[in-house]
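Here chain A shows up in two complexes: once beside chain B, once beside chain C.
And now, the complex of A and B:
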């Protein structure tokens, strides 16, 4: 270490470049301080304060969308600010605002500490934003672990419910295993590259090493291990075992966070690795991804068919969405435009998923894990708004024209067609057809009266009582549904936004 | 000499790691884990990585294994009986193991092994000195260190949230 090194480190630490992440971290700390200094009756404003703060961060991100740091590597090459990174930062802040909103609603039915929930959501979001911009395996692993540890806590948050604790334990064990595999892969890559590069943990230099030695034994195993670790986060087969139980046991807002933000982070990282560092090893990456994608699409859809619990249903159907996204990732290896199709799909998936999760959170009773399909009976008659939002959200997830989900799938499928992935495309289309069955089963449950077994003497109705919809929830859900419809007709805002930085 | 020492301690590491998995007695398993960590520490010493060896012994062998032993004694988990493996799970794991072997074999057949240490350029800036280690933590790896600060904060919060007694929501009804 000499003066030059220090000087370089000091100059490359551009704190302005990660202002949104810093602000989210500061906001998270401010929430804890507020809880300490505010009188107990005012504690309900803390999550509202969190949402307002996130709105400010979001506004700042959108105003500075063309960041002067674009293409730069800061923090001693630990971060690289890319166009995709900018898009995903906006994506994650939107996610975290919606999760905070759902968290207010979901936690109001539980006697649990609250502020910590909103705090952890903010920290996890900031870590996700750093993850998609990382350019070095140390940064990559540290942000990924921050996300995972945050989720361990969030998943088991309803500690009075045994299923939530079980979900937390299952997520902890399988998550630790996948982190270990990922870390082992990173270490093997580092060991293979050794001192042939100045810093072989850095993506650019590791890629240079891999390009020079296309058949290295240790590096090949490292690549496969890292892919396995990321596939766990995405929830791709054969790393999907944790999904049904964890999705059911986690509080519904956390399920939404896992389903949308965690999956999006995984897919974004997969794109980053497969198109960047591992590009010279596509002869190994490609077959692994193709087999995983085919299995993921089929497994997700077939397993979701028989589900009666809607949280399990949406978890298993989420596996198939991971499969469609991975199809786009594979296509992006030959057709660069497929990257934009994947990001468009992610955004559409966010809108539709949060519409559905909003309805689920509102309808859930005190026992958050007990959300049966039957409980949706007669929803359309009692509350047309919720039923309408549910129908739009599920229709968009199923990919029914003219909703946005259809366009999202269309973009990915066109990219796959252009890339010549005909077999995978055929499997994906079969998957979509299967998915229509269970998504419409859910819509049917909400729109048509379900015959109920008459209650026996002394038996109570297991269905949670329906409460009136608050104005803020109605506005949010209405906006999500409207956006899902509007993007089906007019995709220019998102596509232009994606193209803006290229 | 150095080579034979390496093989001796590497074998001991693997043996004791195997013992962690196969020993029925929890205390004996934890102690074999301790042996395995110490042998890994010796391997680090032979690579001149004294700092790593020291931290491994201090943090893992010292703190983590002691914690394991505390918990084993607190919960009084002595032995216990394991359910015999079913035929299906044995067949499945045999197939999985065979596939893994085939996979590694295929990789090994079609790939070359990286250059040996002799051909690598000598790098004088590399050192496992505590001073260099500390300096790089506060220069190159400053941002990850900050993020780890947040990680530890939420881990601590998580322990509090999941274990502390909570008297009910007086703030929101």
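And now, the complex of A and C:
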């Protein structure tokens, strides 16, 4: 190490480039300080303050969307600022705002300290934003673990409920297992490339090594291990075993966060790795991904068929969405335009999922894990707004034209067709047909009366009482549903936004 | 006997495999947790060995990150296990199966 090296390291620390992440971190700390200095009766405003702060970060991100750091590697090559990274940053901030909003609603029924929840949501969001921009395996591992450890706490947040704790424990064991496998993969890659490269955990140098030695046995095992660790985050078969239990036991806002943000982070990282570092090893990556994708689409849809608990249902159907997204990832290896299809799909999935999760959070009772399909009976008669939003959200998830979900699937399927993945495409279309059955079962439960077993003497109705919808929830849900409808007819804003940076 | 890179990697892989099968087969949550730590330690050992034999320090630095992350994971994990034990009075995985359809 000479003076020049230190000078380069100091100059590459461009703090402005990670301002949004720093602001989210600062906001997270400010929430804890506010909790200490505000009197107890004013604690209600802390999450509102959090949402306002995130709105400011979001506005800053959109104004600086064409950041001057685009394409640069900062912090001694730890981070690389890409167009995809910019899109996902906006995506994650939108997610965390919606999760904070749902958190206010969902936690109001629990007697728990609340501020920590909003604090951890912000920390996890900042880590996700760093993860999708990482350019070095140390950065990658540390931000991934920040997300995972944050989620352990969030999943088991309702600690008065043993089911939430059980879900937390299951997520803990499976998450730590996948992290250990991922870490071992990173170590093997480091060991293989370390002989010839100066900084072999950096994506660019690792790629150069892999391109030079196409048949390295140790590196091949490393690549497969890293892919397995990422597949766990995405929830792809055979790493999906944790999903139904964890989704059911977690508080509903956290389920939404897991289903949308965590999955999107996984898919985005998969794109980053498969198209970047592991591109020279696509002869190993491709077969693994193809088998996983086919199994994921089929398993997710078939397992969701018999579910009565809506949280398990949406978890298992989310597995199949991971499958469609991975189909797009595979297509992107031959058709680069498929990347945009994947990001469009993710955005559409965010809108539709949060519409559905908003309705679920509102209808849940004090026991957050007990949300049966039957409890939705006659929703349309009592509350047409909620039922309408639910129908739009589920229809969009199912891919019914003219909703946005249909266009999202269409883009991915066209890309897969152009890439010549006919067998996977056939499996995906079978999967979509199966999914219509259970999504419409849910819509039907909301629009028609469900027959109930007559209550015996002294038995209470298990259905949680229905409460009126607050104005802020109505506006949010209405906006999400409208966006889902509007994007079905007019995709230009998002597609132009995606294409603007390429 | 001359201990080289291969011996270290062999030991590391062995530890990793013991940990992996321990997680899959053991029934007590605390033992499973120890096996998870064993897997992390196996990675650490391999990292240090690679770092030593490649003549670079970055692997040793990465070990500090891994240790910190593992400590955070243990802190959160043990808290969850203790909270669960208070509610259910068991940490055996076969008795923790109340989440179902």
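The rule is short, and it goes like this: the second predicted complex is superposed on the first by the 502 of 502 C-alpha atoms of A that agree within 3 Å, B and C clash if a C-alpha of one lies under 4 Å from a C-alpha of the other, contacts with A are read in each partner's own complex, and residues count from 1 in each chain.
We take it that contacts are C-beta pairs under 8 Å (C-beta built on N, C-alpha and C of every residue); 3 or more make two chains touch, one makes a residue touch a chain.
Because the structure is predicted, anything quoted here is derived from the model rather than measured.
Once the two complexes are overlaid on the shared chain, A:220 sits against chain B while remaining clear of chain C.
In the superposed model, A:145 makes contact with both chain B and chain C. When the shared chain is aligned, no partner comes close enough to touch A:291: not chain B, not chain C. Looking at the shared chain after the overlay, A:195 reaches both chain B and chain C. When the two complexes are overlaid on their common chain A, residue A:40 makes contact with chain B while staying clear of chain C.
Once the two complexes are laid over each other on the shared chain, residue contacts for A:56 go to neither chain B nor chain C.
In the superposition on chain A, contact is made by A:176 with chain C only, not with chain B. Of the two partner chains placed by superposition, only chain C is touched by A:163; chain B is not.
When the shared chain is aligned, no partner comes close enough to touch A:433: not chain B, not chain C. Between chain B and chain C, it is B that contacts the larger number of residues in chain A. Common to the chain B-facing and chain C-facing surfaces of chain A are residues 138, 142, 145, 149, 152-153, 156, 159, 168, 194-195. On the side of chain A, the complex with chain C involves touching residues 138, 141-142, 145, 148-149, 152-153, 156, 159, 162-163, 165-170, 172-173, 176-177, 179-181, 183-184, 186-188, 190-191, 194-195, 198-201, 244-245, 248-249, 306-309, 312, 369. Contact residues on chain A toward chain B in their complex (touch as defined above): 1, 5-6, 9-10, 13, 18, 25, 28, 40-44, 75-76, 78-79, 107-108, 110-114, 116-117, 119-120, 123-124, 126-127, 130, 138-139, 142-143, 145-146, 149-150, 152-153, 156-157, 159, 168, 192, 194-196, 213, 215-221. Across the interface of their complex, chain A is touched by residues 104, 107-108, 110-115, 120-121, 123, 125-126, 131-132, 135-136, 139-144, 147-148, 150-151, 153-155, 157-158, 160-162, 164, 166, 168-172 of chain B.
On the side of chain C, the complex with chain A involves touching residues 9, 16, 19-20, 23, 29, 32-33, 36, 39-40, 42-43, 46-47, 49-51, 54, 56, 58-59, 61-62, 65-66, 69, 72-73, 76-77, 80-81, 83-84, 87-88, 96, 98-99, 101.
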